[in-house]
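The structures considered in this document are given below.
The two complexes that follow have chain A in common; it is paired with chain B in the first and with chain C in the second.
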Partner chain A sequence: MSKALQQLLYKMADDALIIGHRNSEWTGIGPMLEEDLAFSSMAQDKIGHALALYTILHEHLGQPHPDKLGFMRSEAEFTCCQLVELPIGEYDFSLMRHFLFDHAELLRYEMLTNSSFLPLAQLAKKVKGEIKYHVLHADTFLKQLARGTEESKARMQSGLNYTWPYALGIFEATDNEQDLTAQNVFTGEEELKKRWLEKVSLIINNAGLTVPKVEESKIVYGGRKGYHSEYLKPLLDEMTEVVRLDPSAEW
Partner chain B sequence: MYGSTNLTEQEAKRMNDTSAEDADKLQAFEDRIARGEKIEPDDWMPAEYRKQLIRMIEQHAHSEIVGALPEGTWITRAPNFRRKLALIAKVQDEIGHGQLLYSAAETLGKTREQMLDDLMNGKSKYSNVFNYPAVTWADIAVIGFLVDGAAIVNQVINSKGSYGPYCRALERICYEESFHLKQGHDNVVYLATGSKIQRDMLQAAINRWYRPLLHFFGPPDKMSAHSEKLMKWKVKLASNDDMRNQFLDQYVPKILELGLTFPDPNLRKNADGVWEFSDPDWDEFKRVINGDGPCNKERLAVRRYAEMAGRWVREALMNPSDKYKIPLA
Partner chain C sequence: MNSLDPRVQRLNMAADTDNELHTNSHLITWEVFHQEKRGKQVVHVGIVHAPNPEMALILAKEQYARRGKTTNLWVAKTADVYTFSTGDDDMFATIPEKTFRDPASYKVRDRIEKFQQQNNLV
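Coming up: the complex of A and B.
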């Protein structure tokens, strides 16, 4: 069980750290000041979630200190999905990623509030309250931009088409997941994906956009097994640039 | 300084000439300020007062959002969770200050869009200090401690000014800045008491920022044009030299007590309690203000990118062709 639990916590923490890192890149360059502020707030929350999950790994499962886990692991040791690694691109992509990712996050944490692993259940109760606002932000902007100008509508649809196969990669199966299900730690990725598809399809349709067909999507897997896009390595190099100057020092 | 009130000779002359204003209204306005009352957006005010305040608040707002750029590039490189979270929050505050200040300036009749246009076409300025690069992590510590420290000196003084919306914005800004100062100081202390690599990078950063920090408060009083009106109207509340002296008095000892130095053998406090220092090259100050600093082009290029890349978003939000309707079920 502890192996499967570790895998679950690592992939959730890695997703949160990397998307938080990406969202923070909007600081100072958003389409309006209010969006700089919004992406910055979400980045702080995500990095906070990553820290909380690494702390559980450290305190309950004997893993190294959170700063070591976040800043001192190699690319292949990360198990984030490839969706979160992609560069911020333009606002249409970043917004669509935020929309698709945060709906999955909200549903995942809602499911985890009933987890038999209490530290995670307690964290989930707190985190879902924060992600509720991330989802509210994403939904509001998605609806307005999908119904805005011809250009904004086209950008939202093409952003969705591009992001969709990566988003489906969030739910990549991991080994030993049945242990988690058997012990009521987590209901599993397939169930999460089912609920997510229902939820996001409804919102996308209401916004007047077309949901890409899952069966025709070339889903981007690999992240959960340590296989990443070409963007993760440079991201990690940048993230650890300062600490690597003197890894034994206190920063 | 953040919101500069440095005038050319010509501007100072025009400021002091209020013959076009209604004498009775002007007298009543000046009496109110003398009594310590705040002027509010709907109140009568002389045209020059409005103009100088717009200029000052606008420059201050630009300084906040441009100032977020050199620090922002280090969010992705901060060395651990604690520093990363603190730096994102800090830079977010600066953007928030910009938003607050643009709103304060808008109460005087210039829109945020006009102000951002003037920033990009070079018509309005921002603090010179942000035209210098943050080349290492230690620069972030020095900016957080000393540049924010200098900004607080300036802003606390300005918060005692006469224009209500600006004063209220500054009060809130100063409250947040005091936390920035703490995180900057904490970062400086860690580097100063850390390994040789850390100490060396901190000392190098202090050497780099010494001169821009002396420039921060603007040219010396004997070199700048004065306007008694600005003082009387409580738009400007302290001279450049006084503010600079207050800053040096507060912060030089804090750096020296960490065993660090400043790259100026003539930096000392004289018997009258006034800080003396070598000439920090005021020609360089002028060159940088006029666009020829190490990062002027880069900073404006980033702002232009943000404005252009985000235009379609703003247009879609402003002119929705097909408004979203809340579904009935």
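Coming up: the complex of A and C.
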């Protein structure tokens, strides 16, 4: 059980840390002042979620200190999905990733509010409101741009088509998951994916865009097993550049 | 003179070019009001740029409610706010002298407190 639980916590934490770092790359170059600040603030929330999850790993499952987990692990030890590693690209891509990822995150935490592993259930209740805003932000922007000009609609649709196979990779199966289901820790990726598809399809359709077909998607797996895109390594190098100058320094 | 718009500075644009960034014509401004607790008054805190009320609210949330306690935000179109002319502020000029309108300045409060103390009523 504790192996499967560790895997769950690690992948959630790694997703949050990496997407938080990626989205923070918009700080200072966002499309408008207000959005620059809003997107940066949400990125900071994600880093906070990662810290909370690494802290649970440290305090309840005997894993190393959160700083070590975040900054001193190699690429292959990360189990984030490849979706979160991709460079920020144009804003249409970053918004679409934010939309698809955050809906999965919200539903995952909603499922976890009933988890038998109490530290996770408590965290899920605590961050629910924060992620509710993230999703509202994403939905509002999606609607606005999908119903904006011809160009904005086309860009959102192509952003969606590009991001979709990566987003489905969020739900990559991990070994031992049945242990989590059996002990009522987490209902599982398949169930999460089902709920996610239902939810995002509804919003995408309402916004006048077309949902790509799942069965025709070349889903990008590998992240949960430590296989990553070419983009993760440079991200980790940059993120840990300062801390590696002197790993023993007190901050 | 260089533009104060950071986007223009970042993009290294000449300020005198007729650039769309200067006008922001597709966005209007919204006045933002912040409410700290349920039942307390909402207080004007600033503006945001947005094309519609939904966008104004989601942007206002991070501009004005990411620190400190908040229970709600209101937004209203700047164009829907009506004001006096700034030149008419002489209408308010003598108000600071009318201290009799300020309940805090009533002398009778002191006398009530003195009476209460003398008669052990507090």
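As a convention for this text, the second predicted complex is superposed on the first by the 251 of 251 C-alpha atoms of A that agree within 3 Å, B and C clash if a C-alpha of one lies under 4 Å from a C-alpha of the other, contacts with A are read in each partner's own complex, and residues count from 1 in each chain.
Throughout what follows, a residue touches a chain if its C-beta (ideal position, glycine included) is under 8 Å from a C-beta of that chain, and two chains touch if they have at least 3 such contacts.
Please read these numbers as outputs of a predicted model, since none were measured by experiment.
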{"item": "Chain B versus chain C as contact partner of A:Leu37, first or second or both or neither", "value": "both"}
{"item": "First, second, both or neither for A:Ala249, with chain B first and chain C second", "value": "first"}
{"item": "Touched partner set for A:His137, first chain B, second chain C, both or neither", "value": "second"}
{"item": "First, second, both or neither for A:Lys233, with chain B first and chain C second", "value": "neither"}
{"item": "Chain B versus chain C as contact partner of A:Ile29, first or second or both or neither", "value": "both"}
{"item": "Which superposed partner A:Phe71 touches (first chain B, second chain C, both, neither)", "value": "first"}
{"item": "More chain A residues in contact - chain B or chain C", "value": "B"}
{"item": "Set of chain A residues, in rising order, touched by both chain B and chain C", "value": "28-29, 32-35, 37, 41, 143-144"}
{"item": "In the complex, chain A residues that touch chain C", "value": "28-29, 32-35, 37-38, 41-42, 133, 136-137, 140-141, 143-144"}
{"item": "Chain B contact footprint on chain A (complex, rising order)", "value": "21, 24-25, 27-37, 40-41, 43-44, 47-48, 50-51, 66-67, 70-71, 90-91, 143-145, 147-152, 155, 206-208, 235, 238-243, 245-246, 248-251"}
{"item": "Parts of chain C lying in touch with chain A, wherever the complex brings them together", "value": "6-7, 10, 27, 48-52, 54-55, 58-59, 61-63, 66"}
{"item": "Of all residues in chain B, those that touch chain A in their complex", "value": "65, 68-69, 72, 75-81, 83-85, 88-89, 91-92, 95-96, 98-99, 102, 137, 190, 194-195, 197-198, 201, 302, 305-306, 309-317, 319-324, 327"}
